[in-house]
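Below: a set of structures, written as structure tokens.
Two complexes, one shared chain (subunit A), two partners (subunit B, subunit C).
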Partner chain A sequence: MASNPQTLTLAQQGAKLGRWMTLPTQLLLVFIFAFPGLMIIYVSLSWWGPLEGVPWYYAYESLNWFENYIYLFEDERLWGSIWRTLLIMLVVVPVEFFLGLGLAILFVDNFTGKRVFYSILLMPMMIVPAVAGYMFYILFQSNGPVNQLLSLITGFEIDILWLSETDNAFVAIMIADIWQWTPLMFLILLAGLLGVPEDQLKAATLLGANWGQKFLRIALPKMRIVMIIALVIRAVEAFKLFDVMYVMTKGGPGVATETISVYVYKVTFMELEWSYVSAIGFAILMFLTALGAIGIIILSNAQKKRLANVVD
Partner chain B sequence: MSSIELTNLTKRFGDLVAVNNMDLEIKDKEFVALLGPSGCGKTTTMNMIAGIELPSDGHVSFDGNDITNTPMGKRGVGFVFQNYAIFIHMTVYKNLAFGLEVSGTPRGEIDQKVDDMAKLMRLTRQLDWPAERLSVNELQRLAIGRSAIVRPNIFLLDEPLSNLDAAFRAEMRTELKHLQHELEQTMVYVTHDQLEAMSMADRIAIMDMGILQQYGSPIDVYNRPENSFVARFIGAPSMNLLDGRIVGTNGSTKLDFGDIGNLTPDGNDPLAQACQNAQNSNVLFGVRPEDLKIQPSGSSDQVLSVKVTFIELIGPRSIIHVEGGGHQLKVVSDNQETIEIGTPVGIAPTGRTHLFDADSGQRVE
Partner chain C sequence: MMAGNRISFEVMRYTFIIAALAIFLIPIVWMTTLAFKPVAEWTTAISEITWLPKNPTLGNFEFIFTGQTDELIITMPNTATMPIIASLVIASLGTLIAVVVGTLGAYGVSRFQVGNNLPLSVLQLRLFPPMAVMIPVMMMWSYLALVDTFWGLSLIYGIVTLPFSFWLMKTFFDEVPREIEEAALVEGCSQWRVFYRVTLPMVKAPLATTVLFVFILNWSDYVIALLLTRKDWVTIPVYMNSLNSAMTGEMYGSKAAIGLIAAIPPVVLGIIIQKHLVRGLTFGALKQ
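After this line comes the complex of A and B, so read on.
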């Protein structure tokens, strides 16, 4: 395998050309990520705020090194908001997953009116989250349609304070999120299900497999990647939950339903503590990056193990 | 024990009639090939036997029991798909064990049966491999083994050899036939390759345009094709079919082929009787290239005068293409003498000949 500097192999030429072709995008990404990233790190190491009367690049004048980061650990409101974010994520993502999967299974076979139901099912996803939040805000008023409907069904006067009692507010927010995002889960999982080779399912049927066996042994393994993608997308989105919740409760009553996004928003625009917000943002970014890296390492190890089997 | 009976079986896809009023009876332990060009309805017929598709009309019965409406999983048929439909995310072992595992067979028994089947299919070394690593030839054996392991009484194969290379295909033909005897199963085999059908099947069902054309043993369909479609489809190189007319002159009949001459069958030839029966009608005269012989031009009045246009070498023999009076024929020659392109020659039938009605294509005897 002699390769001299004058003659590049086709693969090397391709790689070289590829680097040139992607250069503009790479430069753009440097400006999008690197510049604000470095700025945030810089500001987070000071007391700088928009009311100081000095531009941000003079932040070194109030340099405090890691004071903001140390405060992170003592900030109970922050930890409360993180805990609530995780709680919502851990409830809504699995619920959306199983609802979406169930619906997807129903939609694999043809039935009359499939197209109509399909369109209706996808509609919530198309609605602007803030609008959806406002819709649920109206629905969950104490004299709103939800309570009226419950009264009608049960025959008792139902007067649940959906949005002003902590536990109820959580339930209301989760319902809104599930309503809006189950369709996305449904769409991704349906694509995964339709990608399962039909002849393999037929072969399994002819070998005597029942529905459950076919699903577990043929469909599920083939859908694994799609399922992981769907779960990751929704988990990340749920972590960033903001619009619906802000419109419905503004994090209230008090700070009882505050998620991480709402908390960061409040610190930024109401308390104007920009250096501290920078510290929060950077810490979360680091945390999520580490989490993502661990996930990728686990996945690629599994992949390596599988390939090692193939080559044995 | 498993025989198959198809009665008035019909399948329509919208306006298209894929299978038209088909009757077929397959005996227990028989190896039947469904043969025909693509789009002739052979795969649809097989799918209806397996229950993958439901007939628009008619019935399918196994051993006299009507199973037309039995779902495919409950029919107990083995099915080998054209593209094998191997579970590529599983190991070879898991593929073989699938049918046993889903029916709740004890592990020890599964191991035993998988080992036996792997031996039979020469896959023992590959048992722990992921199926995606197998070669096409191995995939093909795995597909057969996976279906055979549950011991179905009826085994259906949909063009299983069409993806294989020529050498392995020849090997698999022998092996499949052998396997069928070993497994003692009724086997239905779909193919468009007449050689596969001829070499393996006990009986061949030839289909065209959704209609069963002829059903009989390979020798039968080869020697006595019932219509011009079968005559043309069976045998390679395919049978010569010449447009001609039967003319009767004072008690004797002759086959007139226009410019290239005519033939007068002698009294003992079955052709003479056939000609008697089709007096003064247009016919297709069929003769296999093997049953024609090249003779010097004009050597007797029983010779058709033609010209050599092309010579195709096929190993020890050659196919000589000849032409004359708008007719094109092929003659298989054993290379005894050298013939040059452009030479006028005579050809004469030396063996079996066939006569078909020019309009209906049906055999005349």
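After this line comes the complex of A and C, so read on.
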């Protein structure tokens, strides 16, 4: 069989066609990774900036090796922005997760109006993030509807400066993020809940399991991969947070709500320290690649485990 | 006892859902009504809250499209027409690039065991924050004279959304049964013809979903357009945030009007492809 010339040529033909078909993808990847990657490594080893008056390839004239990377560790504003990014991530992702899970549980079985409610619930996620940022920018103005609503409810004249006081601005940004991305968690987790095999749930019911037991013992373990995927996707996006925050506060007041993306943006356009920005960029790329590799290993292990369970 | 439980569960369910919907809808409703409020109603005193415009007007839309309105003393040279055209053209062309390249690549990987590392390399594109490689990309784009052109922005959009089109189409192709393709091969079709004439028609619906999904993503971008456009091809979100005037301060109503225009297409398209959103958002990993 293996020496059959017909199948051999077919396989060879296939490999050839496959190489042609994947070529555009490969070219685009090389285009976007190769030059930018090499350039940030090169420039990050110098003092070069747009005000030097020489093109970037003359960066070797001001070569400083690892000074930018050493400064990276001393730069308090950078670490502040990293800390704030992580803080936002650590608050919004779990909140979105549990709100989404709660809503998803309510949507598992059928009830009147389910389809309409479902569609409306997905809307925030579909709004252009910059527009969502603007919506919350209006809502949180000191004479905006949030303060007005609070005044109406409490009966006092409430005049909270949401966007110009540090802690409040943080809360406002987190609320905007939770508003926009809880629907995504809801959507993914609902898909996971609906994927739990019904016969197992029925069997458990027959054996006298109550709702909580069914949820904890059957649904949750089956949903592990779904939950990991949902959390990873949200965490990655939360790390990149820019649009909403930039529209709402531009990182202000001062540097109080600066995330890593906003900080990099500001250093690039206001301080013009491009070699230093390159060093930050390269460090982020390395860090995320490492994190991504770990994530993939964990996921593929989980997948293997699940397959093993199926075999059992 | 059981019936009582059932009813209390239903009451709880509707209470929670309606509360959640109210919270989710307030910002959207507020922006929508603001877009129809005259200048005098853009802001109100702290003690009063006006949900609906008392004197509804189209003045905000008139202002952003013609650059002037009776209600405002100022005029504006840049109207919203060009940013809307720019957003449409760039998002469409970016989608075309991402879907064509992604579909071809996905089929190659799905069928012919080539490019084993390709799927993960493609996924990396989505992992990195655009800010990290912003400087070299901006320089590359200016060397290639791509800054502030529709093709330049379309190209980067095509690259940035490639992970979604590639992975989505890959999982769709993985699901197409091979038997039909094999039958066509036995009948002497070339492999390209099998892809073009047999497989592609079978994934027509998934392909349409992918197109709409990628379009939504491209339409929603802000940061890349902020970096790579200057004035000719400014997209809607960038235009919206430049709408401030030194004379009147915040242009609340006008910004709300353009924001509303920006928000409508993705919401409508999103509802159309609702069933497949989970799949799109998880790069094909999960189905509904």
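Note that the second predicted complex is superposed on the first by the 266 of 312 C-alpha atoms of A that agree within 3 Å, B and C clash if a C-alpha of one lies under 4 Å from a C-alpha of the other, contacts with A are read in each partner's own complex, and residues count from 1 in each chain.
Here is the rule we go by: contacts are C-beta pairs under 8 Å (C-beta built on N, C-alpha and C of every residue); 3 or more make two chains touch, one makes a residue touch a chain.
It should be emphasised that the depicted structure is a prediction, and the values quoted were computed from it without experimental measurement.
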(request) Pick one for A:Leu206: touches subunit B only (first), subunit C only (second), both, or neither. (result) first
(message) Once chain A of both complexes is superposed, is A:Ser261 in touch with subunit B (first), subunit C (second), both, or neither?
(response) second
(request) Could you look at A:Arg19 and tell me whether it touches subunit B, subunit C, both or neither (first, second, both, neither)? (result) second
(message) In the overlaid three-chain picture, which partner chain does A:Pro197 touch, first (subunit B) or second (subunit C), both, or neither?
(response) first
(message) Quick check for you: in the superposed arrangement, does A:Leu187 touch first (subunit B), second (subunit C), both or neither?
(response) second
(request) Tell me which partner A:Ile218 touches in the superposition: subunit B (first), subunit C (second), both or neither. (result) first
(request) State whether subunit B or subunit C is in contact with more residues of subunit A in the superposed arrangement. (result) C
(message) For a test of understanding, state which residues of subunit A touch subunit C in their complex under the given definition.
(response) 10, 13-15, 17-22, 24-26, 28-29, 31-32, 35-37, 39-40, 43, 56, 102-103, 106, 111, 117-132, 134-136, 138-139, 141-145, 147-149, 151-152, 157-159, 179, 183-184, 187-188, 191-192, 194-195, 226, 229-230, 233, 236, 239-240, 242-243, 246-247, 260-261, 264-265, 268, 274, 277-278, 280-282, 284-285, 288-289, 292, 296
(message) Give the list of subunit C residues in touch with subunit A in this complex.
(response) 10, 13, 16-17, 20-21, 23-28, 30-31, 34, 43-49, 100-102, 104-105, 107-109, 111-115, 118, 120-137, 139-140, 158-159, 162, 166, 185, 190-192, 195, 216, 219-220, 222-223, 236-237, 240-241, 252, 255-256, 259, 262-263, 266-267, 269-271, 274, 277-278, 281-282, 285-288
(request) Could you pull out which subunit A residues touch subunit B in their complex? (result) 197, 199-200, 202-210, 213, 217-218, 221-222, 306, 309-310, 312
(message) Looking at the complex, which residues from subunit B come into contact with subunit A?
(response) 50, 52, 72-73, 77-79, 81, 83, 85-87, 89-90, 98-99, 102-103, 129-130, 132-133, 146-147, 150
